[in-house]
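Listed after this line are the structures, all set down as structure tokens.
Next, two complexes with chain A in common: one pairs it with chain B, the other with chain C.
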Partner chain A sequence: MGLEPPVLAVENVFKRYQVSRGLLRPKRSLQAVRGVSLSVDKQRTLGIVGESGCGKSTLARMLLNLERPDEGDILLDGRSAGTVGRLDFSARVQPVFQDPYSTLNPRRTILETVMHPLRVHARGERNARETRAARLLDLVGLPRRAHHAHPNQLSGGQRQRVAIARALVLEPQVLICDEPTSALDVSIQAQILNLIQELQKEFGISIVFISHNLAVVEHLCDEVAVMYLGRVVENGPTADVMASPRHPYTKALLDSVLTPDVGLGLPDLQLGLEFPDPTNVPPGCAFHPRCPHREPVCSTEVPPACAQAGHGSECHFADRLAGAFAGPAAVCAGRG
Partner chain B sequence: MAALLDIRNLHVRIPVGFGHVHAVRGVNLSVEAGQTLCVVGESGSGKSMSALSVMNLLPPRAMRDADRILFDGVDIAQLGPRQMAELRGNRIGMVFQEPMTSLNPAYTVGNQLMEVHRRHRGSSRSAAWARAAELLELVGISNPEMRLRQYPHQLSGGLRQRVMIAMALMCEPGLLIADEPTSALDVTIQVQILRLLRDLQRRLGIAVVLITHDLGVVARVADTVAIMYAGQVVETGSARAVFASPRHPYTNGLLRSMPKPGNGRGEPLQAIPGTVPSLLETIPGCAFAERCARADEACRVGPIATTIEERHSFSCNHPADIRAREEV
Partner chain C sequence: MSVAQTHSGERASARRLRLRRWGQHGGLLIGGALLACAIVMALCAPLLAPADPYLQELGARLKPPVWAEGGSWANPLGTDQLGRDYLSRLIYGSRISLLIGLGTVAIGGAIGITLGLLAGFFGGRVDMVISFIVTARLAMPVMLVALAVVGLVGSSLTVVILVLGLLLWDQFAIVTRTAVRQIRDLDYIAAARAVGSSTPSIILREALPNVTGPILVVVTLEMAHAILLEAALSFLGLGVQPPLPSWGLMIAEGRDYIFFTPWVIAIPGAALFLLVLGINLFGDGVRDVTAPGGR
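Now for the complex of A and B:
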């Protein structure tokens, strides 16, 4: 860290969609992202955690410049994404998506798939491209005999390896991983997580890792941002956030991590039955209908936003709750 | 106590091309009334096929073969389609992973809930409606009368899964089979649904077979566990015994490959190398041998020793020592 600008930064970004409710009814506005600021430094990993509908995948699309924000800006090396140019941007920021079954072209061989970005970006001669693609496939641990296979001949884990090789073949600065392991089996998930970590060291890249699994994020990320209904409700160094959460939603997410400890039973999250609906964001603090610690002020006033640096929480009672969550009685069962 | 469901030596073969996939290779499972059995395994381990066998809902050309599938003393492997239809949804309820694909989008929630009761109990519309409203309330859905008039797409994922559970419980079954009921849900919703299942089980005294790949879930809800790999149960026993001292290298590997909260960053996870073997070919010895650090030549050829202890049994020639997990 220091004087260098972050490799990739999001500044006060908003994104709305219009959702149809049928032929004759007026469209409704869906507030996917409501004023998010985040940044990831060189060779660091930023985790973004949240449940469906919290805007994390919309944010990923904006980070990849696939979608322009309605307000705010995405900065790559301090320059606005709008001025960087699509081709240049895509060479420097590459995605790994969740579903390795739908992101590979079924008619291309594995080697062709990994060579394709080089061709689009006119890098090198055909031979050089092939050598480079083969080297990447070696690095991700795919056997040589698979190079001329088609995706349907590979397992889910192998496909995700191909997707990672394809993302890295252009030597990007940033990798955006949107739930890269949630479609994989447990034993394979660990292989892919280890691979991502190794390759980060090897290539010196920055990673934005989007997940709903806090245990995975804790394992992989330097910083973490917890999102709820389009806002970052808590952010900070991963270890701090995990050890002493300052937002009741983060606390609930942490409690939801089920460790394989017999006898601990199931935690009582006390979240009630309300369900977050991004087309109908509650006034005040968006989390208040589910919050076990809510007070009258929570339904009327929006809590102050997270600070950009350090460990921040978007909660009226962050300090009080931090104390309560850190108390011995509240220590997340089965940790340590 | 006699088991409510007792499966002995179940085989499932699915024809493909010239051969067949031997998806389930001699599985024994049993669950007692009021207990929870968790069947754990990765994709292709045969866990879903085993469950579908009980319901006789296997894919069209699949062949099922078992010494017996006893449900409440009756061998349901011998029952005809009509008798099976009488059991399904009536005495055995089932909840699937994807609530969106298992609910009919063209009918209201109420219609679909009522159908079960009207069909199996021959109840009147008003009685079935009242029962449906009662069940929605039981699974923690507020304003049930309004929900009954809604269509599946108007509900969130968590609500749909509650509706599925309500539907499975409409006729007070003795056994509930839940195939990955929470895998498609958000983590906080998962905990709520699991709590709901546990509360209902205690209140109604039903037996639950929960199929999952998540050992965290298993540890928190199971009475007994069966770990499946490549169509076989490799380790089974009381949850306490299996988690306190996993003996099969695959169980140990699964536990080690989970990221543990509180451990922080850095250390690579202990992944299990390799991939699951193809079940198109016969596997002579131990199916896990190719990925196992303890395997020797005898493991690849077979036969594999099965150790049966009081509350714990496993099939492995080189099982881990007791309480090996604490050394890790």
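Now for the complex of A and C:
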């Protein structure tokens, strides 16, 4: 471990939303993210997985400084995002969003779309911007004849390529990819994933890759964090987590990867019908209503964070789950 | 160089495609033609009008148009009760109608679109305040307020435009607000924010260009609305003042003669009808052509 701080980190961030349930009923607090700490190192890829609604996109918006956390902080190169100017921040962290059909302004041509960040940042003359944008579009593999097209003339995959070019044109340090391929055909998904990997090497960037597909994350990411109901329940080096999961939720996710319909995400985790509700987080371990291994303690006590060689998990019975995993006993904070 | 040529070629063919889509819409073409006629009439009035619209010739009062018995080519649409050439007055009158329509829409549009953008984009408290203002405005009957104000401050072309402009902005606000609410959470708005664009720039460069379709429809509706209101005000003697040749005023001035020389009312009435019809057809067509499916 070097002395260099991680390129981008979140420290114990919380985000709550007030949701109304009708005209006269009181608003309820929805806990989208509940105390998440994560970091990405230079030129590394961090994967974030979890079911739909577990707070991945909310975390992404906070990582992009689009939303301020209620508590906690976002650190860019060790500096609080609040002290980094908006332009400065945006030059270093850029998004690729999920929906190719709404990610591009319909009124701009493709070339204008990719030139726009340069204009906002007042980089170069018009001609230089155009040259640079065209070069980026070449790099992402968009044909030249599409440069003056509008987004509605492009396919979903092509639009995602444009979105990637737009994100890279400022030469950021970190790319936040929020399920960049889940809206695409399976055949196109692979192309876009390969493109992202190639460009990462070429530009030497860090990536936060959000997905609900563990197979994709395994292929792409150095580290992985598994989220459940707004919390990271397990994180560590991808190979480690995949080989010996230390949380029953991760294990269920891994099992589901083996089912035939991987492309559809997480259709059936065999975890019962108790659907997680962020407005009503269960006490104790938030996962306990669906957990096949639950014991009485799970519904009363919040599991402590245990870490073992950089592989952390929040489960009372992490060791038992790891099973054959031999090694020194886990160091668990505040375990009674 | 060859690359540059292909680029401009691409650009041109995209434009051709768009033009073809516009060219295939019947209502749009008819409306556009009627509107174009009115605009040409207004712009080229001195060239097109056969006579001075203010010149009275009391010896030749209420002459019939050329197709009626006793009509002559000297006054193709006849003359009015003061012996002024009716065709010339009709041509000059198009200036008044268009001026009223455009002036009202410019003022009302500026107010309504601004309010609608703010309410739709920010939502929350801003939206509540602006929605209240719109509701308050909707509670005022346009015609009565216009009559009262014009009655108080006196009537002139400028006053009519100002009063109508300050009244007819509600539809702009409502339509813009709804349209902006539909797009403000889309990813391209978030992408613009993530790139560091300022909020005003996001509102003007990301949101506004994507709500122009519905706004254009309101432009045409309110233009027609304003033209009819001006005609009504002028008919009641509280709009444009004589001897200006407003179509509404022409109808008012001719109303004593309706039984003997009905064309003095029929002609400006038809002109008004055709202009308003043209504007509405054009607006409908624009909505069809710019609808998301068609773009």
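As a working rule, the second predicted complex is superposed on the first by the 305 of 336 C-alpha atoms of A that agree within 3 Å, B and C clash if a C-alpha of one lies under 4 Å from a C-alpha of the other, contacts with A are read in each partner's own complex, and residues count from 1 in each chain.
The rule we apply is simple: a residue touches a chain if its C-beta (ideal position, glycine included) is under 8 Å from a C-beta of that chain, and two chains touch if they have at least 3 such contacts.
Treat the numbers as computed from the prediction; the structure is a model and nothing was measured.
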Which superposed partner A:191 touches (first chain B, second chain C, both, neither): first
First (chain B), second (chain C), both or neither touched by A:216: first
Chain B versus chain C as contact partner of A:307, first or second or both or neither: neither
Partner chain(s) touched by A:19 [first = chain B, second = chain C, both, neither]: neither
Touching partner for A:51 - first (chain B), second (chain C), both, neither: first
Superposition-derived comparison: chain B or chain C, residues of chain A touched: B
Common interface positions of chain A, toward chain B and toward chain C: none
Residues of chain A touching chain C in the complex: 61, 64-66, 86-87, 89-91, 93-95, 97-99, 102-107, 116-117, 120-121, 144-145, 147-150, 152-153, 163, 166, 170
Of all residues in chain B, those that touch chain A in their complex: 42-43, 140-142, 156-159, 186-192, 194-195, 198, 213-221, 239-240, 243-244, 253-255, 257-265, 268-273, 275-276
Partner chain B, residues of chain A touching it in the complex: 51-52, 155-158, 185-191, 193-194, 197-198, 212-216, 218-222, 238-239, 242, 252-269, 271, 273, 275, 277, 332, 334-336
Touch list for chain C against partner chain A, complex: 3, 6-7, 10-11, 14, 186-188, 190-197, 201, 206, 209-210, 295
